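Sharing a structure here in structure tokens format.
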């Protein structure tokens, strides 16, 4: 089978780093797109167990909350496209639970004053290739992303997020928390692209990666592209072990090192988990992460 | 909507003068084994170098152009004049330098700088060095500063050169490294013995004068244990209608506990393709500091690389890039942490105006063995108008948990608040803008020797001049 | 009366610079001591070194707690022995709530699991003493807290963890009058309910008013230059350090 280039970095860089694209064999699947509209009860919970496509449309001024819980023992692809009309508010939660091989593509277009909130949690997974492309087309569109991934063993993840600012005064705010252990390997490409005309736009991106173990590999590519003067863009990343100050503080309260790492690993994921306002989904996530029931 | 100040193109009259060349001194255009052999003949290469050049040409022909970076469409390498016979042999006495070349360098202020503040000077005019000199007390301390060709034929250094030349940047590295290997000419060889501290800098100045030509100088610097050197490199060329090519190569070997500062103010004419490769390898507790100002060139690919190969080695990179009209400057740095407790710090600024494009591109790799290492990158970009472009493309590749890696980047424009604050204190808006840009570039200018800081501020002043008045 | 904390000729350095040059302090169980000195005298260095901060390296001397040499122990072991340091600038820990953090810390120190319900009840009680809004329990630890809120959260931890020795590093600095009152109230509650030992690093007279100070130590350039009873602290607060600093 021929390999397809996925997760293409919008502007390529040094090829030896292996971050310009991911190449995977793609299965063709035929399925009619599942349509989700705002008439359905919130949140719309969807269990994804096979390759499937989704079309989510939020009409003017309406709100929509969708949760996709993706879990399967076989290889799968998920295509999700979202169109948010003027003033519409869409929230999407995507949970990827230990998928052996998956390709996910999310494409979102925002009209004037539309907002999109993405909460994406990747729990393990042999080989996940995930792309989130958000086009802020209208004026004052707002995009927030709270991403978290926890990879162990030989898990692999290639994550390509693109926030394309076309409209005036559009905003994007992206945060990623990562915990890697074992021989896990992750690539995060996060691009904020300010197109000419996106005056007054603001974009920020922050990644915090906690590495546990000396055989992990964490590649981060925080890109800002800019052809508009009147914008503010920033990105930041911290990668590595825990800050000594944090360790000392927690230790001085009697917490041992092993527990500190456990706590901090949890804290990296908690930001995303706490944004999932749905108890059944949360319970499933706690179970998947082995956190146990907090109320015992 | 507020009216934007138009910024004019730089007044380059200081750099744009030139003398006509005698075209009879040019080797034929193009790249064939015959031409490469002719260069070897001209330079009386030893056999290993003859073979090296031909092998590099073969690699050049087989290597594709990189898939990323600025466009090199306007560059016709096959039609570049790769070698120009010199008008005279290299001199150590300024009086013997041919009159027109002498005047060129006088106008660029090189001899004056040598008298005032340098320990040694080399000047390259097109393909060959025309002048090289070091102060006697420096030579007596055992410091060697000469051109690579003479060193290669000197039995004291022949073996050192053979064992170091293009070992750090092999011709297989990329297409223009291969080209360099085939046609290199001129450049400097510097050797600083153990425990020798050179308190005043050495400087090389590269001038590409001929039309449609390339300059391919090779700089090889070796610092022995616990030595110190500051090396300054300046480059310029007049503007022709035909594009020029600069594909130099810099290889720096920094020994245990040694420290090297390498400063460059690059001001090639704005139709030059500057595809330069610079690399340093640093041993235990050694240190490399790069200071880099990129103002000229039509297209630049420049990412000085530091390989921290010994425990406790460190690297610092401070850079500024100013991309004006018609310029596509792709600059940055690469750092490889390849030993425990190494540290790196990168601080860059870029400015885009009048349709110029600047790209900050970097990579920081922390390998499995680099436990206890630290790296911090900070890059800031300033957009001065709405027709320019500024991209930031960093990569951080971490393979150990026992490290601290931080990265920060910001892009924006000059804030209205800052302008308001300065104008409220009596500055015109234009003056306020120029002041803010100068302040923005301060990280680099404060790292440069005074004369160069002044030159850089002049360059910024010239770039911003259209906005004053 | 038994000695709880003792430092013998303690020298400590940060980044190769020696900051403490042989400090001897003896604190008896149940006593209240005050450590004073000008900015940069080494007060915080002393507090942090005693707690085992990796920022400082002990280059000489010993730290004894309850008669045992703890000089090379990690901070968590010291905490489990019953030592507590209230930080001048507590770190922010996003993603972990104050309540969750305290539950973990208590469980680690006691080795016993506590029921969430019980934990919440205890926490609410302690927060009430300090007049803290109950919503703080579910806020991320120190994230976005004001200076005063951070200090209150430190005292809250003091009440919840119930240590034998509490070192309060300028817990009262930068606070308004009401906040200082709250902190004093917290300290009083700690004395009353735990009967613990206190080492207070302070510049402030207010906080000492309610306390019976057993002993005062004045630190200058990393050395103890004067020691005395509670009246020494009050004298310094009223008249300044000058006359004591001149003695060495």
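Per-chain residue numbering starts at 1, and chain names A, B and C are given in the order in which the chains are listed.
Heads up, the rule we're going with is that a residue touches a chain if its C-beta (ideal position, glycine included) is under 8 Å from a C-beta of that chain, and two chains touch if they have at least 3 such contacts.
Every value quoted in this text rests on a predicted model; they were computed, and no experiment measured them.
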Most contacted chain pair (by C-beta pair count): A-B
Taking each chain's C-alpha mean as its centre, the one farthest from chain C: B
Rounded Å distance, chain B centre to chain C centre (Cα mean): 55
Rounded Å distance, chain A centre to chain B centre (Cα mean): 40
Touching two or more other chains - residues of chain B: none
Residues of chain A engaged with two or more neighbouring chains: 243
Of chain B, residues touching chain A in the complex: 66-68, 334, 359, 361, 363, 365, 368, 371, 381, 383-386, 388-413
Interface residues, chain C side, partner chain A - complex: 51-55, 74-76, 78-80, 83-85, 87, 90-91, 93-96, 101, 104-105, 108-109, 115-116, 157, 161
Touching residues on chain A, where the partner in the complex is chain C: 177, 243-257, 259, 263-264, 266-271, 274, 294-296
Interfacial residue positions of chain A with respect to chain B in the complex: 11-15, 17, 19-20, 194, 196, 199, 209, 211-241, 243
